[in-house]
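Shared between the two complexes below is subunit A, which has subunit B as its partner in the first and subunit C in the second.
Now for the complex of A and B:
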């Protein structure tokens, strides 16, 4: 009997054990499962609904602007800015070709949305080209590049673009020191012949045009990043420097010798006033002001070591340097700096620039244990800062007032910039944060040796950060702007403007005008045909002579949303697009004789395939 | 001995079954909100616009198929038919709304074809003939096939032209 009871107990125990092993959720956390579910919900935007924020992200050495929706992280559009883009004909049509000025690429690092009273106004986005010394404005009504300005005397405006709080100026400090005026000077003369330059650019929103107001000449340090002050510090710009060692070779080692480099404080309003007096020399037609000649306009503060980012807090009272080679964030007080300046309390001079002692401006150092390579600081709406750590691959959240580290989360991997929602304005939203990562390693399906870059999205609305999703992105994510979607007011059709030069609004008015060896076509595109000459036997065929200069002006008279027409000319290596209601011009010399089909390259309608014509070039 | 084996087998199975009942209950698959939303999203809420096909016939079929499904229009701040006096029922009755909306008259339909709010003005510019003549004898391939499959009477054409004249003046 006892035997049977024992056998029964053994059977029950064994059955229970097997059931437990196979069916119970041992090792799984219920709240983990529900967290995963809510993470999925947080990034899921159903069909028909739209994202809460635009993420306007620099495309690095692609030269272009990438537009994403947050929180879905769906990529919505690539907007060509500094590089030729075949898909949109950017760099082919006359206007964009002239804007690009012969360059085929750019290196776009730092976007800045135009601001009013320190807040994004959503009208324009400014972009820097570190490679070819240019600044661009993207019109956020049309998501088209409106103007590009080439900046003389510069050595790569890496430390731009940052706007003052009412977009009075867009500041672009230079990365490489160079001799001005494109002069030659041997590297042995670096100290005296090379200059660091800051371009101060204005933008006329009505004319949609840049103006290089003035340039600031500085010692040949490398200016890495900068930020404009806000509110109490609204007249100031702060910039980080490295290579105060004046290394001219092997910078990795030689520009990393000193334990401290400098933060430079510049009072842009004093300099603008000086420029307005006219008592400023001109270099190649550009007013160039030396701040050492304008009392109270420039100061230096030592800061640890080869710092990268410097960011002004939303209330404008402090500026925070990220140490890069020093594993800490340094919080400086504007008020302390102002006090030292007022009292004339300086620790000495460097290059004729008054140096304020580190301790006299320092509020606190924040040194999270084991965190390495701090690069950039972003903010939320509750007094917290967020720093990317390149080497330890994480984001650190800490309190600005106390320096207390509140949370640390890994990213995948090696983040450069972070961008929080409206995070560099006077009123951050504190909802999302993106880490723009340089490395993806094994995160995604392999595409061979060149892995994608990536971005991590965090929900930062709680006490701790919640990682939502990691997405692959094209090269290369630097800084971004995350702006509330309703701040951007787009137009989806260009307004019909009968006074617009070269426009034609009725198919019967399409015509060809010949002036010597120039052939001007004033044509229309509509679904699903081109009309170059309404009177011709074949309105969509153009016959020219070899060697003629051909100018196609095309107006898209489909005034409907999303009906963009393309215009590709076979074997002439030409393509452009004409958006609804737009007039666009393609100009070229017909140097090859023969018959060249023309066709719509941008799918427009059921009869898109039939939307075509001919360019006939008679031999000479 | 045989008894013992039987007892072990029975109690083992009882415990195993009991365990499955207790532990397995949580594993009952439930549609997550995400999945169910996704499913909902896939069923079109309105007779939206499928991508334009390569052939006119496709468009025509779409127009005819979609027409009966057109529902109530959304408020868009546009003038109501009562305000304008325009007969907007004709657009649904003749299947126009399979491809077209007329925002100015608060008529919502497909978006494959252009919004017709300014068609009264735009058609002469684009096609070189008045709207009424265009609807009688269209000069675009898509509309040619649509109209030839479903011709409009003189009265219907006049109703459409009048409505779109009103729309263009909004």
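Now for the complex of A and C:
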């Protein structure tokens, strides 16, 4: 009897158990499938439809700009900026070759879209080259690099580029301190002979040209990142420092000794006013202002050990430092800093710079348990901040006003920067966030030891973040700008400008002019031929003498979208492209004699293969 | 009774009708008369040749660039002497209409109408001649060999990867309206009976689309 009851009970229980597990499992699978489907739908953009945002992403030590569409994360284009690019002939044609200034690579970390009233205006993108001290402007009408400026006295503008609210200035603080004027000074003289420099650059949008307005001389600390203020803090720049220890070797240990490094606050407007008075020394033709000479223009705030990013909140009232080695985010109040400055309440001086006590500027510390290695802060439109955690490989969402941690999501793996939709402007959209990761490890099909980097896309419009997709990206993603697609207005064909120097618009006007040992070709490219000399028996063959300087000016007269022509010269290691309506110039010395086929390298038409000619170099 | 001037045998309503016709005729100078639209897989948005009485518009250079593959001669305004003549013919006809409106002579207006119709037929024949010329005189050395063809004045055609649609445009509709107004002036009830009525008639305006002028 008892046995029977027990057996029945057991049977019943196990039946229930099986049923529960079984049905619960079914439910879960259904749930999972529909969640996956809804996630997939969020990133699927059908053929012919366009993405909602541009992601303009730094290409790191590739030196180039990568353009993606969000949310599909389709990579749209690599735009060459600091490095030679064979595919587009960037660094081969005369204009881009001159712009590159003899350099073949760059290290592009932080893009910044030009701003008006603190919001992206979508006209230009500025880029820093940490390796060779340059700043570049990419014209977002054409997605072509418009200008590059070499910055003297710098030691790698890692902490740039950040634009002031109306792009009055583009700030680029240095990473390494160096002696100015390319002088030599032994490392033993680091304290007095080495300087930390901030370049303040202006950009003329009409002329599409940079101007180095002035430089700021600072102590030889390393400046890591910076941000320009907004609204109430619009006149200010904040910068993080490390190596306030002045370590000149083994920085890993020696620059990590102090519990506090400094945040530096600089009033750029006061400095600009001082520069405008003309009472500023010049070093090699560059106006160089020492902010210690300008009352109220520089202050330092101690901040937890070796901070990395510092970001100003969208309303401009606070700045948030990400601790890197101190695993917390610190929220500082501009108003508190202004009050301390007004009351003259300082904790002391460092290098002649007034230091405001940490507690006098602090609003709160946010320290999510186990979140390690905070690097950068981004924002949404509802008062929340998002931080990437390099060491604990996650994104943390928290509320700026309360410090409450709202969500944490893993990323794959070790994120550097995060970029949210218009997340560093006065009006973030709060829709998407990208984590630019340094490690991809096992996420994708293996390609051997050299791995891609990766990016994780999150939907941040809800209370919690939703991971949408991980994609492999080329080395190396640092910061990006995610801008609403309709803010960028492109031209897809260069306008026909008959007054443009060296341009030719009709095949009959194509001609060759010879002046001594210089040969100038004013030619055209069209589907599917080149015409160098309309009068010649063979209009697409050019004969020169060995040693001649040859200048090809080619105009692509196919004023039709996406009909790009290439121009490659065999064995001369030369290639360029000419966009529809563009005139491009290739200049070289014909130092090798022989016969060198010329051909269109950019597939243009059904008879692209026939689009060719000859360079004939007669021996001397 | 006898007069040296033609007999004033059209009613005032015909005058209004003719003045409107003259205005529409002048208006048609600023509108396209005919167009051809080209579609291909690479050109889902279509390429246009738009013919105004005074010249060409549309993606002419692109169409020419593509046409050279089949050895078609390039279109340009310079290759059509008609563009230098048509505006004067149109203005002349409009002036004649104004004269006819004030003279109100059935005979004069009849002459203008005949002139107008003859001009129209000659114009259509001229177009057909051009289309035949462009479609059949293909350069034999062209990279793509194509059977000679005659693009239709109206309707669909297929050439290589292109599908073309030829159609009359707003200006041509205005010309039709002008003919209609002339016919109305000649044959409305009052004109036929010679009995002017007290009720003023309002001529029915022809459709004019905004923004069609070049």
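Throughout what follows, the second predicted complex is superposed on the first by the 591 of 620 C-alpha atoms of A that agree within 3 Å, B and C clash if a C-alpha of one lies under 4 Å from a C-alpha of the other, contacts with A are read in each partner's own complex, and residues count from 1 in each chain.
One rule holds in what follows: a residue touches a chain if its C-beta (ideal position, glycine included) is under 8 Å from a C-beta of that chain, and two chains touch if they have at least 3 such contacts.
What you see is a predicted model; the values in this text were computed from it and never measured.
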**Item:** Contacts of A:40 with subunit B and subunit C, given as first, second, both or neither
**Value:** first
**Message:** Looking at A:559, would you say it contacts subunit B, subunit C, both, or neither? Reply first, second, both or neither.
**Reply:** both
**Prompt:** In the superposed arrangement, does A:87 touch subunit B (first), subunit C (second), both or neither?
**Reply:** neither
**Message:** Touch test for A:117: subunit B only (first), subunit C only (second), both, or neither?
**Reply:** neither
**Message:** Of the two partners subunit B and subunit C, which one touches more residues belonging to subunit A?
**Reply:** B
**Asked** Thinking of the overlay built on chain A, is A:606 touched by subunit B (first), by subunit C (second), by both, or by neither?
**Response** both
**Request:** Considering only the touch criterion stated at the top, classify A:506 as touching first (subunit B), second (subunit C), both, or neither.
**Result:** first
**Prompt:** Now for A:526: first (subunit B), second (subunit C), both, or neither, which partner does it touch?
**Reply:** both
**Message:** Just to be sure I read the superposition right, which of the two partners does A:185 touch: subunit B = first, subunit C = second, or both, or neither?
**Reply:** neither
**Request:** Take the contacts of subunit A with subunit B and those with subunit C, and give the residues found in both.
**Result:** 526-528, 557-560, 606-607, 610
**Prompt:** Once bound in the complex, which stretches of subunit A touch subunit B?
**Reply:** 3-4, 7-16, 18-20, 23-25, 37, 40-41, 44, 46-48, 505-508, 524, 526-528, 534, 557-561, 563, 603, 605-610
**Request:** Would you tell me which residues of subunit B are touching subunit A in their complex?
**Result:** 3-4, 7-20, 22-24, 26-27, 32-34, 37-38, 40-42, 45, 52-56, 58-59, 111, 114-115, 118, 122, 124-128, 140-142
**Fill in**
Counting only contacts in the complex, subunit A reaches subunit C at residues 526-528, 557-560, 606-607, 610
**Asked** Once bound in the complex, which stretches of subunit C touch subunit A?
**Response** 59, 61-62, 65-66, 69, 143-144
